[in-house]
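Shared chain: chain A. Partners: chain B in the first complex, chain C in the second.
Moving on, here comes the complex of A and B:
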């Protein structure tokens, strides 16, 4: 029997009505200007998210989220399963690449001020994606269940305690009790492989739809001058350029994963003293150092409380940045751009300081 | 429809009743879920140790014990009595360790130090280590939360 592909496609289109989407994609254009390069950071994040999903599912086939079995099961993945060590290494490095790119993506939009009207909601969903990505990293860090990850998780989950009233509930929710125990491990695994993926997809769909709805932003000065910016067809020109970048990034990722595979320490002992050199993942280092420099008590409250409140204020301010920076071409807009530079310098200096 | 001198219409009144009722039904489903998510685990009121394991301790010596899911620390004082603490840092909950050479408790997470009485002396810890009350009762060494008396 010969299947008439055209009829087949028409049948599907009758039911799903996808033609407008394909038409839109072929008509879509991407502006070309001196800041166009940053457009590629978005799709590169998706590449690493895809790698995370594939390698994450592979790891979950053999990982056991229990007090007794976690470390051993990772040991088994790394020593017994074909290329298991590489799968774990790619998962670990790809998370680093993904978060680094999310941060670069955010900074590029900060400095080009692409969050300005009408793209406020795109920025806000983007900030939510950054937070979710960091929670992904935080929950994943515990899963090897060695002394370092245990202590880092104890510190991380204790931080909400600094907030009066609700803080204790948040900590108990995260830990599944008053202390980090085997229940915490099970819980973090569940967050990492079930709840957070649902959350990130829900936000990501909105984020990507908003990007399609508003189209790519053009530089502020061109928008003000009402200049016609040259454009590149999304399909196939822009996609093919993206593919080139993806292949380069994939090459770098595999090279680094091959050369610097993560180690596996001894399984965590809940009663053992904290090991020297407890450090969170690199993207938390500047926050870690911030907590460290605050004194024990500041007047009636603890230094930790002050630090946590300041960090929360900063996160909320960045979330609402498009509304704070409502005149991007004016003096305030310039100050906010410089604040971004100051923030980057602060994060880099504090991260390095925490390693000294 | 509105009855004379009424503050709201009949529709609004009925919608409010219906809405309130739906809210109550939702709450009755959500509350057991919330209770399930926050586990009922409580810190122990007391732990019972074998005194023989600790009776040979020299004055100034510190040993560990298990306090629920946290480590506990017990020290023999100069007069032969015992002092006990919960062995976690009051800053951010890392397990502390006793450094006999320095006669101090040390938390490696953020460089916190406590003297041999558990008082915070340096680094970020805002409070002294939490004290527990040890009591030798025959063959047993009980460690209790302050304010929790011996069970009779």
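Moving on, here comes the complex of A and C:
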């Protein structure tokens, strides 16, 4: 039987009016140059977000966000449900992959200076996506409700306490009280499965629309030289190349998920002292170590206060980077690029130091 | 070209369905009445350790769950002996809450499972290699069509059919 794909497509088109989107996709072009590879990181992030959603829904079917049920429900997922341990492992590892790719994506944009005019808003929404992704990781870390996640959350939610004026309120809001309890677990679960997905989708839609509006950036030197950069149609030439990357990433994700499936520690005891060697997720390690190196008191204020203020200043500066680096081709632009390299080295060194 | 695409689609569907079918076959069997008897015996032994000559095997939470499922559905296995009538029913064994004392660490339960995982790795990367091979052909053709400016003229089929590069003219 011959399947008439055109009729099939026309049926959908009549109902969903897809022609303008396809016409746009066929007209859209992707520049081809020595840094084109970094374009693939953006779509790969979407792939891992999709995996997160699918595996997250599967886990949420059996997860119980209560003090009594949280650890046991994950134990049940791991030991009783078919391939439950693999679903959990894929969820855990794909979050790591996703955050790593968001960081790589942002660094690639930093070093190629693609945030320059008119893409400032794209950079800012990208930064928001990084922060939301990290909050996703932070809220998800508590959900197994084991000793390690409880202690890490206690440490993590204690950090905002150092923020002037609103610090105490932020900590109480995060914890649902003065300490990490079952209320914290409930609200972290709510944030993780309800509020943060809405936030990330809202920002993501704006980010993608901005990328479509402004198009993909070309290297700075080509833009200065007003050189015409060769391009490739987005559909299907670029999409097919992306699919190749996705397949390889999926293979790596599944291989790692099978080889290094996360274990489940003992149920957290609220009355027990914090276990030794409490560590946050890898992407918070350098911040964790930064907080540790500051002395308890620095004159009239605490060391933690100074550290938190410095970190906040750095985050705000990175958020407004396109406006700070308003002449990327000049000396300031080079200094900012070197600062980026220094930041990466700092993050790597401090993360390793934290693990030692 | 169309044949290549259909072949690619079929290969992808079969490669995706293969592990799903395999996973479905691995789904745990429902607890049987025999299971229930064994579980009850184990629970009784756990509840009254002093009456036993040897210490009872440690119960996992899995046992409790299987017990409750078996109680709810005693006719789980059609060929199994029928359950006793309600009048002759023994008093329900007290459910023992066992607190987990060790972390759950995913590990292979034996050489067979280890081999299954190795086979899965081989299948996974083979499937990826096959799909990339077909994608490469597709990319080459898409690039060739683009370089030849096949869809450039105004009267091109692409004008009315934007999906032409993928679905064909």
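Quick note on the criterion: the second predicted complex is superposed on the first by the 338 of 356 C-alpha atoms of A that agree within 3 Å, B and C clash if a C-alpha of one lies under 4 Å from a C-alpha of the other, contacts with A are read in each partner's own complex, and residues count from 1 in each chain.
Note that contacts are C-beta pairs under 8 Å (C-beta built on N, C-alpha and C of every residue); 3 or more make two chains touch, one makes a residue touch a chain.
Worth saying up front: this structure is predicted, and the values here are computed from it rather than measured.
*Asks:* What does the overlay on chain A give for chain B and chain C, a clash or a fit?
*Replies:* fit
*Asks:* For A:241, decide between first (touching chain B), second (touching chain C), both and neither.
*Replies:* Touch status of A:241: second partner only.
*Asks:* Tell me the contact category for A:255 with respect to chain B and chain C: first, second, both or neither.
*Replies:* The second partner, chain C, only.
*Asks:* For A:159, using the defined touch cut-off, is the partner it touches chain B, chain C, both, or neither? Pick first, second, both or neither.
*Replies:* A:159 contacts chain B only, not chain C.
*Asks:* At the Cα centre of chain A, what angle separates the centres of chain B and chain C, to the nearest 10 degrees?
*Replies:* So the angle at the centre of chain A is 100 degrees.
*Asks:* Just checking: does A:274 make contact with chain B only, chain C only, both, or neither of them? Give me first, second, both or neither.
*Replies:* In the superposed model, A:274 contacts chain B only, not chain C.
*Asks:* Can A:294 be said to touch chain B (first), chain C (second), both, or neither?
*Replies:* Only chain B is touched by A:294; chain C is not.
*Asks:* Does the superposition put A:326 against chain B (first), chain C (second), both, or neither?
*Replies:* A:326 contacts neither chain B nor chain C.
*Asks:* Nearest approach of chain B to chain C by C-alpha atoms in the superposition, in Å, rounded to an integer.
*Replies:* 20
*Asks:* Do any residues of chain A touch both chain B and chain C, and if so, which are they?
*Replies:* Overlap of chain B and chain C footprints on chain A: empty.
*Asks:* Of all residues in chain A, which touch chain C in the complex?
*Replies:* Residues 5-6, 9, 19, 22-23, 25-26, 71-72, 75-76, 78-80, 82-83, 85, 89, 146, 232-233, 235-237, 240-241, 243-244, 247-248, 250-251, 254-255, 258, 261-267 of chain A touch chain C in their complex.
*Asks:* Of all residues in chain C, which touch chain A in the complex?
*Replies:* On the chain C side, the touching residues are 23-24, 26-28, 60-62, 65, 99-106, 117, 120-121, 124-125, 128, 131-132, 135-136, 138-139, 142-143, 146, 151, 158, 161-163, 165-168.
*Asks:* If we count contacts the way the header does, which residues on chain A are in touch with chain B in the complex?
*Replies:* It comes out as residues 151, 154-155, 157-159, 161, 169, 172-173, 176-181, 183, 270-278, 291-292, 294-297, 302-304.
*Asks:* Could you list, by residue number, the parts of chain B that touch chain A in their complex?
*Replies:* 37-39, 41-43, 64, 66, 68-71, 87, 89, 91-97, 106-111, 120, 123-126
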